[in-house]
Amino acid sequence: MSGRIATVRALAFRGLNEVVRVPGAAIPSLLAPTIFLLGFVSMFGNLTELPGFTSDDFVSFVLPVMMLQGAGFTGAATGVNLARDIEQGWFDRLLASPAPRPVLLAGMIASASVRALLPTSVLLVVAFAIGADYPGVVGLLVALVFVAAFAALAAAWGIVLALRFKTQSAAPLMQAGTFMAVMFTTSYAPLELLTGWLRAVATVNPVTRVIEAVRQGFVTGEVSWALTWPGLVAVAGLGAVLVALALRGMARSGR
Amino acid sequence: MPAAIETHALARSFKGDVVAVAGIDLEVAEGEIYAFLGPNGAGKTTTVRMLTTLLAPTGGRASVAGHDVAGEADAVRRSIGVALQEAALDPLMTGRELMLLQATLHALPRAEGRRRAEALLERVDLADAADRRVGTYSGGMRRRLDLASALVHEPAVLFLDEPTTGLDPVSRLTIWEEVQKLNDAGTTVFLTTQYLEEADRLADRVGIIDRGTMAAEDTPAALKAGIRDPRLELTIADGGADRARDVLTRFGEVAPAADGRVSVSLGGGRGQVAAIVRALDDAGLMMDSLDVVEPTLDDVFVAKTGRGLDDQRAREQEQRERSGDEQLVVEPARQ
Amino acid sequence: MRLAANARVVAALGRRSVKQTFRRPQFLAPILLFPSLLLAVNTGGAGRATEIPGFPEVAGFLDFELAGAMLQSTMLVGVSGGIALALDIEIGFLDRLVAAPISRSAMVLGRLAATAALGVVVATWFVALGLVFGARVEAGVAGVALIFVLVSLSAMAFGGLGAALALAAGRASVVQGIFPLVFVILFLSSAFFPRELMLEPAATVALYNPLSLIAEGIRAPVIAGISAGSLLEGLFGIAVVGGLGFALSALALRRRLRTG
């Protein structure tokens, strides 16, 4: 068992190498969610003037969306890195090793969850600097848990695509997938203010629950179980599906 | 007759004081095949790029087909055909599309261009594959297409940069035959190569370049003769090697050779062989094998630069294998 | 080389560029797909913005947003043209052109022809999309024609910038890295939201951003009608971008030819 944990840790650290050893390359993904936040708020900030908007501070309203975008991008990057490893043959080496497939998967996903904290930190610092409301310790912790969880989901998504297509040109699909998952929710405005078709999509989109779970601390200042448990269910459900697909993809990749 | 290619102190340096070509003088006569021989990094490709107007010289001057490469670049381009190392082919185009584009680039009238393209595709045996995308071609096919595209406007001077590097032996022979045929029909050919056999077999004259300067230039035969006399290599049976050496010293300088053989220099030419055999026979010595070995261009290279061209290639190959690079370089058979 | 011969070369290279684009569908899809998805989610999420006091008179938020999507698409057309040129450089195809007796500008002009063609595709797509989902072009058929002209010119202008980057960097991966920057720059313009309703300091930047001028030039026929003022502003914005692209391309090409 300790051998497996060691493997997971080793793989997670290799994922961190990307950030530590090529620092210049990591800067775009580090800053992207923050830049997106600033731009988005500049453009749509005045939506708060609409009657029915649940917050009078657009930054606090939208910050959770950007946190999840950052997590999604980090997770997608895991998929891109795996696709690259597959293309270059390094992944075959991993598969030929005695490490069990679920352990390999856990390692890659764990690294994504940890890495997602980096852009999130930058985002939080800037957001508070421009006036976002402080969610309280519990609110912040809940938010970070969901950020790490969403990064894991995005990583699983990226891994599934990498195993299926075995090429780095699947990268746009990985990135677009997470981007759309986060945007087709109550990302711009509360449910009631969304236009017909988007309201329907957001209602059924599990990621909406995740956004609301992250958002509660920033917008209301407190955390309630009623807003948290749907998010947990969404993460668990998506996680079960994606991890199962990823495991099946790994089992298939020998052929 | 004016020279087809002429350079005076042609030089090129890059940023950071990197001197790729340090002042080269060469002259290629019309109708010649000239081989530019040297190891990787010697400056061959840089020189070719200057002669084909792809790169501006930073010193000296050069003219091709009577036109200055710097001042009359367009006139040079009209007279030259170029097939470079990277086989500049677009994988998404078909062979035929590339030939027709090349014809357009050289302002050939449409019908004429089409006719020549078809003829050339036929000639390099790509007529069947002409409508397939270049991305599906093998290495040999790509080189043949590249060569064909360089000929569509019937240039006076053909530049080939390492035309057979990385090709299998059959494709290599095909390219050599084509080059010979072109030259027989009057095209001047300037080719760069790191393969001794290629230079030896094809070239009228060889220029040896090392670290950006010309180390030697002459016909292959003259270069080899200038190094040393041919040697006779023998295997003596039944351990009579020491006695054999005493006999052989009378004829010329004796030295050990590979595989336990012994060799002697033939200062008087191959005619001495008969006398040597008789002398060994008189001494009661038996020979298991006997070969006359000419100096090779590698010997010439060693003599002129102090390093072996083949050794270097072997070392580079080793380095590549160690670093995990899987590029295969097919070695031509040694003479 | 004489003019007629050069024209043939530009046409041949243009045809090749167009064929290339459609033979690489994985590059084509993002040009239309991403902006369309963004258009959808912007319209769905911020659609009620039309109720905010100060929002321009429009039939619907989609009518306002279409111009932004088209502008974004043309920027991506420019980037993809740059990627294609960078790939040509990487595989040595540009050498083939340099060693041929064609004029230096013919090499880049051929590629710009392809970007213009793609501009037409972009305009067709978004006008059709808009009409299907209920938008109205106030200026009618003449307005649609104007949109096609502006979008094609815009695509060419950004093609010039893309070419400049490709010639300077010589690597497709570098040009591809510009992708995200496209989105960022659009945030600082009135492409997706009226400038008067944006927050500072972005609103001020948007005031001087040539992209705002292009977006508003494309937008005017949709929400208002033919207006010489907006048209001229749009053309001016395109000229600024195009001029910059042209100058940088010429510089980069000259440098590349000098250093081989």
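Order of writing sets the chain letters: A, B and C. Residues in each chain are counted from 1.
In this section, contacts are C-beta pairs under 8 Å (C-beta built on N, C-alpha and C of every residue); 3 or more make two chains touch, one makes a residue touch a chain.
None of these values were measured; they are calculated from a predicted model.
J.: Whose C-alpha centre lies nearest the centre of all protein C-alpha atoms?
T.: Going by the distance between chain centres and the overall C-alpha centre, it is C.
J.: Average the CA atoms of each chain to get its centre, and name the chain whose centre is farthest from that of chain A.
T.: So the farthest one, by centre of C-alpha atoms, is B.
J.: What's the distance between the Cα centroids of chain A and chain C, rounded to whole Å?
T.: 31
J.: Need the CA-centroid distance for the pair chain A / chain B, whole Å please.
T.: Here the centre of chain B sits 57 Å away from the centre of chain A.
J.: Taking each chain's centre as the mean of its CA atoms, how far is chain B from chain C in angstrom?
T.: Spacing between the chain centres: roughly 48 Å.
J.: When you check chain A against every other chain, which residues touch at least two of them?
T.: In chain A, no residue touches two or more other chains.
J.: Report the residues of chain C in contact with chain B in the complex, numbered from low to high.
T.: Listed in rising order, the residues are 1-2, 5, 8-9, 12-13, 16, 19-20, 23-24, 88, 91-102, 257-260.
J.: Which of the residues in chain C end up touching chain A in this complex?
T.: For chain C paired with chain A, touching residues are 26, 30, 33-34, 37, 40-49, 51-53, 61, 177, 180, 183-184, 187-188, 192-193, 197-199, 201-203.
J.: In the complex of these two chains, what residues of chain B are touching chain C?
T.: 14, 49, 52-56, 74-75, 77-78, 80, 82, 84, 86-93, 97, 100-102, 104-107, 149
J.: Please name which positions on chain A make contact with chain C in the complex.
T.: Those in contact with chain C are residues 28, 32, 35-36, 38-47, 49-50, 169, 172, 176, 180, 183-184, 187-189, 193-195, 197-199, 201.
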